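In structure tokens below, several structures.
In what comes next, subunit A is part of two complexes: it sits with subunit B in the first one and with subunit C in the second one.
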Partner chain A sequence: MLLQRFLIRLLTMLVTLFGVAVVVFVVIRVAPGDPIAMMLPPGATDADIARLRALYGLDKTIVEQFFIWLSGVARGDFGTSISLRQDVLGLVFNRLPATLELAIVALVMAVAIGGTTAILGARERGTAIEAGIDIASGAALSIPDFLWGLVLILLFGVLVPIFDISGRVSPQLDLPFVTQFYFFESLLRLRFDLTWDLLKHMLMPAIALALPLAAIISQLLKQSLKEVLDLDYVVLARVKGFSETQVILREALKNAALPTLTLIGVQFTFLIGGTVIVERLFSYEGLGNMAIDAVINRDLPLIQGIVLVFALLFVLINLAVDMMYALLNPRLRHG
Partner chain B sequence: MSACLDIANLSAVLANGQRVLRSVSLTVQPGEVRALVGESGAGKTMIGKAVLGVLPSSVSIVEGDMRLEGEDLGKLPPKARRALIGARTALIPQDPLTALNPSRRIGPQMTDRLVRILGWSGDGADRRTRQLLDEVQIRDPDRVLKSYPHELSGGMRQRVLIAAAFAAEPRLIVADEPTTALDVTVQKQILRLIAALQREHGTAILFVTHDLGVVAKISQKVSVLYAGKVVEEAGTADLFAAPRHPYTRALMAATPRYTDPFASLKPVDETVLAGLAAEIAAADQAWRRPNG
Partner chain C sequence: MDEARISRRGWSPRLWLAGGWLLIALLAAIFAPLVAPQDPLAQDLMLERLPPFWLDGAEPGYWLGTDSLGRDLLSRLIFGGRIAFIVAFAAASAACLVGSTLGLIAGYFGGWADRIISRIVDIWMAFPPVLFAILLVAVLGTGLSSVILAIAIIDWTRFCRVIRAEAMGQSRMDYVENARIAGYGRIGIMLREVLPNVVPSIVALLSLEMGIAVIVEAILSFVNLSISTDDPTWGGIIAEGRLSIHQAWWVLVFPLVTLILTVLSFSQFGEALKSRFDPVLR
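Entry: the complex of A and B
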């Protein structure tokens, strides 16, 4: 029964990924812009163009190209980047950890900020504090992440320059890392000097990504908390003598968190989508930044590889959310 | 000796200024069961919630005193009031299906007040809880304590809630229509159980109900409530023998009897309702809302 559900789930994931692959493959070939024209100097002969086109397999029909690429992917070969002339899979896995670290730090910040303001707002419901939280979250939500990025650059990069506004790590530093997860590895190696340098680079893009998500979490969780706080078992806990904060944390939070959890799953995928432009803004060397270069250079294999990895990430996040949901709700677990 | 609960002249209003409790006064002596009877919307649950300090935010108390064993609840700072209420009172809620947290096991829900508010040891609280489960005739405490609420029937959950209410030996229990949400066969058992535990522990109960049949079985004193106003107050036996207020007589006439269920069902008379409306209007005219 469980195995059957798991297999069905796996199959839908594969169908989703195949659909994404088809759409990306076709769209970037139909859209205007020619990768070969970008590579050659002006005045190249038609013969040169044709030769290069054949070299990258672009002289065949889209259907043929697709199946050649797909058979490569099945063997783990995502092709060679046109602009960087390196293995696509290697390039993607080299950059993915930077983006994952940024997204995870942003997610943790969003949950921390959103959760705290939601609990505070629910505890102080009906007061000026709740109104203030509502106004703040309204503002955080209606300003998009890249605009927050610009605001933060102005505030903490220019006016009060306490953070670094570009890059992932200071280039003069000697890095002992064996993985690309610099931030997590610096924590594990207890090299907090490096952690601090990484944080100084990461904090602003992470905040920019986190603020809109924090606002959504704050609004939804506060609403769910306020609904739960009128229920009988919460009233009973108050009669028992528990303070409002204890009541929220012990009785209400777990039950109120379920709808928010689903939303975080969906919104986290948007946040990862947001890394593309925010990484560009802060010259952060992640996958999103590379994606923009790939699009500008019409680097077809690289675009395909990046999009497919993003798609896989989204599908896995949804799976994780479903599993957490079952874990948190005893009625689902035993039913 | 001071009364267990002494409510004097309590008035409460909604945010729009509408009066929902009209100068209510009542006392519950130690070890006594005081029934608070009235139709839905009469404000009887509101009185219970006011005593326990859990009124909804839309209702505010504008006048009156509530004394719990002589301590003026209105004069205590919020933290001390919460501690006092937590230590000396308990609530048996109306709907056992919603009064237990669905994501927590029964055990910790029963012991958390003993351990975290009253400072008992975990072992002591566990022993006490098992003793009370035995008193409410739950024979497999191990299974019940480990269960989640959805794994127990409504009657079982109400037993659990009754056991939890008596566990800390409160001086006063507010029972808020504790049998209304249960089916009829279970109602009787639960009522007997509450009566038995009340006698044994000598706990005072403010028993909120709309059911005069329940009043007759469990209480020594009755307050009849209409539109937030106490219209009649008497010993239970006296009330049933000689109801003075026309509304009380009408309520009794509207209570079904097993011997002759249809003949006994009479809606409350128009003239009685008109009389009540005049009485309420006169009371409101005489009342001036105090400042602050």
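Entry: the complex of A and C
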């Protein structure tokens, strides 16, 4: 039952990825600008241009180009970046950890903020505290990450300058890292001086990404908790003498969490999508920032590679959420 | 819930504020040449980085100060509103038309139509939307119509997903079955019976989408891919403000406040319309 569900999902996932590849390939090849002309100095001859077009395979038909590219991708060869003259896969893997770190830190913050306010709101239901949380989460939800990023730059970059507003790490620092996961590696190596510097750069973009998701978590979890808190077994726990906070944490939370967990999974893909502009805003050296440069430079192989990696990430997260839901939901588990 | 009950009886204070702001901003944008105190493009290096009116060194007639080229900020915001509202109305309507039509077809007819449309929606959802928008505008070429087209191409899925689910629910209702027994054709039922019942959701989504379109246009202007760099846009002003943030904070603060108020107002409208039309709450 579970295996069958998994295999069907896997198949749909491949169809989706193939569709994404086709759409990107078609979209960027109807673009009017010529990437080859942009690479060469103004005095280049027609023969030079033709030679370079052949080198990048741009002299073939679009269908031929697609299948040449696709067979490369299947072997793990995403081609060579036109603007940076490096292997696309290498470039993407160099930048992906920075984006993943940012997204994961943002997710943890969203769960922490959303979870805390949901529990507080459920405990103080019907009071001014709950009303305040509702208003705050309503505003946090309506204002998108791009605008939160700008608000944070003004507040903590200019008004009270405690954080750095651009880059990923201070350039003068000597980094001993072997992976590109600077933040996680600094924690493992117990180099908390570096952790702090990384955090000073990462905190504002992470909060900007986290706030809208925190609001969604807060609203949904609070709603689920309030529904569960009226059920018999919770009332029983209360009669047994547990405090309201204990009742929520020990009894209500695990039964109210499932819808929120599913939602977090889906919303996490939106959060990752948001990293593109938030990284740009904070000059954070991640995949999204590189993607915007790639579009501006008309770097076709790099754009294709990045979009496909993002799409792969999204479908994998959706697959994981779907499987988690199937495992945790008793009705599906025994069905 | 309580809020919905209030809004059913009349306009809540928040809705009044939202409507008031949108009306003022829209009128200012429409009558920009009459309302704007200065020429939004006029540069004057003698007047560069003037602070807003309540600070020392401000010049009368330049209420919100000037940018690093001496251009009047208030006038630029008013003219920028024109682009913002044109994009909001045009892009949201186009996304709505395409998304609602496909959603209605997928939800009501089901079967192969539903399978194909849902698969396309899946593919679209696997793109990071901002990157998709930037890519499309780069391909279509910068300009107002490209921005509108790009937003419509990306955001039709928002309408499609919701309307598909609603149309699917409606088509299982008894009244649809009755209409079929009464001899109405499938398309007739879809347009005359199902469509009116999903219109409330469409209208609510449309209001939300206008806010989203304003943001996407600002993001595209921010990465310098929206319309020509001469015309003032809210995102373009923000990009300038981000660069001169330590010398002239007002160049970032005022467009940011304008954008936040506009987005909050559109979403307030969307929420209020949703709860007003919601049959469960009604």
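Keep in mind that, in the parts below, the second predicted complex is superposed on the first by the 299 of 335 C-alpha atoms of A that agree within 3 Å, B and C clash if a C-alpha of one lies under 4 Å from a C-alpha of the other, contacts with A are read in each partner's own complex, and residues count from 1 in each chain.
In this text, contacts are C-beta pairs under 8 Å (C-beta built on N, C-alpha and C of every residue); 3 or more make two chains touch, one makes a residue touch a chain.
Everything quoted here is computed from the prediction, not taken from an experiment.
Contacts of A:Y233 after superposition on the shared chain: subunit B is touched, whereas subunit C is not. In the superposed pair of complexes, A:L328 makes contact with subunit B only, with no contact to subunit C. Of the two partners subunit B and subunit C, more residues of subunit A are touched by C.
When the two structures are aligned on the shared chain, A:V295 is found in touch with subunit C, with no touch to subunit B. When the two complexes are overlaid on their common chain A, residue A:R123 makes contact with neither subunit B nor subunit C.
After overlaying the two complexes on the shared chain, residue contacts for A:G241 are found with subunit B alone; subunit C is out of touch.
When the shared chain is aligned, no partner comes close enough to touch A:H201: not subunit B, not subunit C.
Applying the stated contact rule after C-alpha superposition, one finds that A:K254 touches subunit B and leaves subunit C untouched. Note for the complex: subunit B touches subunit A at residues 49, 52-54, 56-57, 79, 82-83, 85-87, 89-91, 93-95, 98-104, 112-113, 116-117, 148, 150-151, 161. The part of subunit A that touches subunit C in the complex is made up of residues 12, 15-17, 19-20, 23-24, 27-28, 30-32, 139, 142-144, 146-147, 150-151, 153-154, 157-158, 165, 269, 272-277, 280-281, 288, 291-292, 295-296, 298, 303, 306-307, 310-311, 314-315. Within the complex, the subunit C residues that touch subunit A are 119-120, 122-123, 125-131, 134-136, 138-139, 141, 211-212, 215, 218-219, 222-223, 225, 238, 242, 245-246, 249, 252-253, 256, 259-260, 263-264, 267-268. Those residues of subunit A that touch subunit B in the shared complex are 125-126, 230-233, 235-243, 250-251, 254-255, 328-331, 334.
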